[in-house]
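This is the structure I have questions about; it appears just below.
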C-alpha cells in the first residue's frame, strides 16, 4: 500500500509537469476570464494542498517553503485581504514559474520522505489520495485553461503538433431503451470516490431511451444553419439572455472564414471535421439543440443507469440534472469539507469523462458540474427521449 | 359550466381591482428593480392574455381596444424593438392608469358577451381557466410588487391599516417522520393544474423527518446574532457572493433602529414580533440557516409526500430542489407553451402557498419557483433531516 | 423693490405649474436615466429651496409642511442614508403629486406673507432672487426631462399640440471676423448673475471668425450620410468610445422609418424639417461635426466677445471650453456655496440660451455646462475658424 | 546631423531595454487595469512605430519581421477585429518576450542600415525624432506600469535595490508673486516639441502667487488625518463620486499597518518619509487638498509663466487647466496626426516633469495630460493663490 501510494503520487505529480512542458513562461501567467486560472496557479495550488493538509498537520519536521504561499495558493485566498482577489490571479507575476517549480520540488521531496518513513494511518492515506484526485481534476483544468489562453490569441499558437483532443468519432448508433424500475445510484465500492457520489440510494426511473452516439459537428452545424442561435423558442429563458448578451453564435473555438468553418485545437487552427464529436458547448446550447431536435437531455440518473451499455469518455455529457446533494449528503468538517457541497446551486451535472480527463479519473458514478453558460470544457451532447 | 366560468371570471377580475383599490395613481408606475413590475403593467398584461389568446382567435366580432397594446403588454414585448425593453416598464407613463382601467372594462365586456353567447368548446374553456389562474399568479405578484414599491420609500407608506400578511404563528411543533418507499408525485386529478405538475410519476424516497412548524423571526434572529451573515462556512458559494455583493444582512424589510428590530408590513413599519413566522428570505438565506442549525431543507418530493400531514399555506417554503421538468414533460406548441418550461434552469422550487396567494390557488402539487437570491416573496423555511 | 420681488416670485412660481399643466399624474413619476429627474421632484426641490434657505432661517413663525421633505427634496439627500439615492428618485411614489402641489401652496403662502410683512434685507433679497433663478434653471430641465420621458415611449405621446421648440430657422449667414486683442470677460453689471460669471477679467484673444448661422438639420444629415458615426477619425477618443458603447447614430429623438427621418417633438412625432436648426446633440457630436467640416467650435471667450454681433438664443451652443473657474473664483460658504463650483471638472461650457430657457434667464455672460455625452438639452452647433 | 540622430536613436533604444533589465519574464505579461500596459507591449509598440512610419514607407529593402505584428502592436489595433481589444493586451502570451527582443533587434538593425546609408530628408529626420520622443514617453509609462504590476502584488517585490524615485525633498519655500500682464505661451524654438505645444500665443494673466515648494507627505497626512477623504465639501462632485466608488483613502501605494504608514517604492515596501515630496495622487485629490488648505492649483499658463523662477522636475504637477487645443491647433493628416489632438477632452494638464521622465524629455512648454482619477503617475501638488 505504501509503495502504491508513492507510485501513484509520483506518476500524478509528474503528469502535471508534463502537461506544461510545451509552454513558454509567458503562457503560465494570464487569467483571461475569472474562471480560467493561470497554469502557474494550478501548479502551485495542487502543491499547496499537500503542504496544507498533509505536511503541516502530520509531518513535524516539515519546513514551509515560503510562508506567504499559504495564502497565495489557497483557492480561498481572496478572503484574506482586500488587495488580492480571485479575479487577480493573472496579475501576480511573482512568485515566478521557476519558484513554483522549486516549491513543487520542495513539497515533493518532503512528501517522499514522509511517505517513505512515516507510519501512514488510513486517514493520512485518504488525504493523500484526495490530494492526488484533486490534482487529476486540476490537470483537466490545466488543459482547458491553456487551450483558452492560446485559443483567444489571434496568432492561434500551437500547443503541441498532433495533439488534438477533439478528433473522436462515434462507433455506435441508434437508441438504447431502458425499462421502468428501481435502480441504485451513487458509489457503493471500496475505492476512492468524492463525497458527492456517496450515499448510494434507490431511485425509481420511468422508461426512457438514450442515444448510443454523441452529437457530431455536422449535426450541430444543421442547428446553426437552421438559425438556432437566432430563435428564442429553442432556448431556456436564461439561455436566451446569455446568447444575446454574450453574442455567442457557435461553439467555443469555432471560426467562420469566408463561409468555411475552422476550429482551434491544441494542434492549431484546423478545418472543422463534420463527423467528429461536437465539443465546447454550454448547457444552454446543449439544451437548445435537444429542443430543436425534438429530444431532451438525459437526467444524471438515467445516464448512470444506462452507462454500462453505452460508450462514453470522450466528452463530458451535459445532463438535465441540477447539481444537488444525494440523500444523506453530509458536508465534512473543516476546510476539506468545502470540497464539493458549497457548489450545489446554479450548476448542472455532467456525466462521463472527456479526452482531457486524467487516466484513471473516470467512474460511472462521477458527478462533474459547471455553471450552464460555460463552454470551455470538452463538453458534448447525448440525446434522450 | 358556462355559469361557473362566468362567475369565476368576474370574481377573479374583480379581485385584481380590489387589490389596487388603496393605491394612489403614482404607485402604479415604478419598476424599482427589474423583477418588480408596475401595478399598471400587471393589470394590463393579465387583460392582454384574454385579448390575445381568447378574443382575437375566437371572437370574430371583437375589436381591439388599441393596437399598440398588443406589443406593449406582451410580457415578451422586449423582443419587439430596441426602444422598449423589460427593464423599462417603469418608464412608460402612457397608457395611463385610467386608460388601462378602460382597457380592462373593454375586454371584460367582450369576454362577458363572448362567454354568454358563444358555444364554448373545451379548448376555449381551458384557455379561459388558464388565463384566470395566470391572473391569480399576477395577483400575488401585485401584492409583493406593491409592497416592494412602498417598502423602499423612506416614508414607509401604509397600504391598508390592519392589512398585515406576515402575522401568522405556528400551531404545531416537532418533527414528522416519513418512512422510506415509493410515492406518487405530480397532479393526477381532473381539475386545473399547470403543465409543470403533470406527468404524475413514481419516486423512491429515503426515510426523512420534516418539521411541523416553520422557522420564526426569533429563531432567525439567533442566526443573525450568531454572525450568520458574516461567516462564509454556512453559505453556498454563490450565496456568499450574493451576501457580499448585495450587502444583505437581514431578511428584506427588516430595519434595525437603535438596537430594536422593525419590519415594514403593508400596514406600515411595525416592531418585529418574535413568534411570528419568518418571511421574505432568499433561498440562499434559507439554506444557510438550515446549515447553521444542523438541518437541511426538504426536497420538493419529500414536501409533497408529507404535505397532507403538515400545516401549510402561510409562506412559500423553499425546497432544496432545483426547478426541472418532470419525466415526460412536453412544452406545448405556441406562445401558451412558453408558460413554464423555459424557466427550468437556475431556479429553486418553493412549495405550499402564502398568505398573499389568491384564494383557491393552492394545491399540494403546485410548483412555484424563483431564482435563489430573491427575497421579496412571502417565503419562509421548513427544516428537514 | 419689495413689489418687484413679489411679482417676480409669483410669476416664476406660476410658470413652473403652467409647464406641468399638460401632464398626466403618471408623467410626473419616472426617472428613466439618472440625469433626468421626475417632474414632481423638480416641483418639490425648487420649493424646498425657499423653505430651507429663506423661511427656516429667517421666518420665525414658519411651520414646516412636513419634516421628511427636508431631506427628500434636498438634491443631496442621497448622502443621508443607504435606502434613498439619487438613482431612486423615480421609485418614490410618495409624496404624491397632489401633496407636492399642497407643499408648493404652503410655501408660497408663507413666502407671500414673509415678503409682504417682513423687512427684507439685501441678503434675503439676494437669496430669494437666487431661488427664483434656480427655479428658472429647473424650468428648463422640467421641459427637457418631460420631453425625455414622453419621447422614449413607443406611443410618442403629444405634450401639447403646436408646442414645438425645435422649429427655428437661421436668419443670417456667413462668418463674422473678430480682430486680435484684449477683451473683458465675465459679468460686470449690478443685476443678478451666478457666481461662476463673476470675476470679470481681461483675456487676450487671437483673431478668429465665427459663423453667423447655426448648423441645420440638413447640414447634419450630410455628416450622417457621409458615414460620420462610422469613422473614428472625426471623433475625440472618448467620443468614439461613447459612440460605440451607446450605439448612437443620430441626434436624440431622431427616428429613421423606411428611409425617411422623423423626430420626436413636444408636439409629437414629426417629419424632420431640413432647414430647421439642429438640436439635441452631445458635445462629442458637435466636435466631430466641426472636425468633419474642417472647422472647430468657438471658445467660450470668443463666443462672449462676438455675442453682441450674433443672433443667439434658440439653442445652447457647445463651446470648445472646459467648465473651469474664472480667476479669483471663490466658493461661498455653506450649502448655497455648493451651487456651481463643485461641477468644475469633466464638463464643457455651453453659451447662449435655448427656446426652452425661461424668459429673462438669458445673459451673454451666462455659463451653462454639461458632461460631453449628454444630448437631451436643446443644444446645437456654431462653427468657428 | 546624421551622426547625431544615430547616437540619439541608439541611446534611446538602449534605455528602454535597460529599464526592463531587472524584470522576470512573467513581469512583462499582465495588464492589471486597462490603462496599465504590459512591458512587452511597450517594447513592441515603440518598435512598431519605426517599422510602420519610417521603414515601411521609406526603406524599400525592408522586410517585415512578422506581418501580424503590424496590427498586434498598433495602439489602435483594437479597431481591427473583434477578437483582440485594448483590454486584452495582458492576455496575449505570444509573441513571447524573446520574440519581441528579436523584433527590436531586427528593426534596430534595419534602422541602423537605413540611417547610415540613406539620404535622410528633413521629413524623415522629423519622423525619427518623433519616434524617439514617443519612446521617451513610453519609457516613463514603462516605469509607472512596472511599478503598478509589482506594487499590487502582496509580496511587494523589489524592482531594484536603492532605486527609489520618490525620495526627493524641497529646497525652497514660500510663494513667488507674478504680476498681471501679457505673457507668451507655447513653444517658439527650433528644436523638437509636440504639436500640442505649438501655436505660441499671447495670454493675459491676472496677478497670482505660486508656491516654490511642492506638497510633502507630511502635509498630505494632515489632510488625511483631518478626515479629508470623508468630507464631501472639499471635493469636486465627480471627485467625490470617485472617492466613494473606488474606496480610495490615500495616495496610491500607501499602506497603513498598525497605525504606521508605509509606501511601496521600486526599492520595496518602505516607511513613509514625512518630508519627501508627495507622489501618486489624482487630480481629484490634488484639488481637494488645495481646497482644504484654502488655496487652489495653478493654471497651466500661470505655471509656464512662473516656471523659470521655480524648481521643478521631480513630480508632474496637476494644474487646474483642462487639456484643450491652443489657438490655431491643427491636427496633422494621417495616423501620426492622431498623436495628441484626439485626447483633448475630459483630461487635465500636468506641467513639469518627474523623476521617472527620460533625461532630455523636459521642457517648460511640455503639456502632459491624464484623466483626473489616475494616481499611478509620479504626480504631485504645487499650490497657488
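In order of appearance the chains are A, B, C and D, and numbering begins at 1 in each one.
The working rule: a contact is a pair of C-beta atoms (placed from the backbone, for glycine too) under 8 Å apart; a residue touches a chain by one contact, two chains touch by 3 or more.
This is a predicted model, so every value here is computed, not measured.
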item: Centroid-based (C-alpha) most distant chain relative to chain A; value: C
item: Identified repeat of the A-D interface (over half of residue pairs identical), from C-D, A-B or B-C; value: B-C
item: Length of the line joining the C-alpha centres of chain B and chain D, rounded to whole Å; value: 57
item: Centre distance in Å when chain B and chain C are each reduced to the mean of their C-alpha atoms; value: 44
item: Euclidean distance of C-alpha centroids - chain A vs chain B, Å; value: 36
item: In chain B, residues with contacts to at least two other chains; value: none
item: Interchain contacts (touch definition) - all pairs; value: A-B, A-D, B-C, C-D
item: For the chain C and chain D complex, residues of the former touching the latter; value: 79, 182, 201-204, 206, 208, 232-233, 235-240, 283-284, 287, 291, 296, 320-322, 324-325, 327-328, 331, 338, 342-346, 348, 372
item: In the complex with chain A, residue positions of chain D that touch it; value: 24-30, 32, 40, 68, 72, 81, 83-84, 88, 90-97, 149-150, 152-155, 157
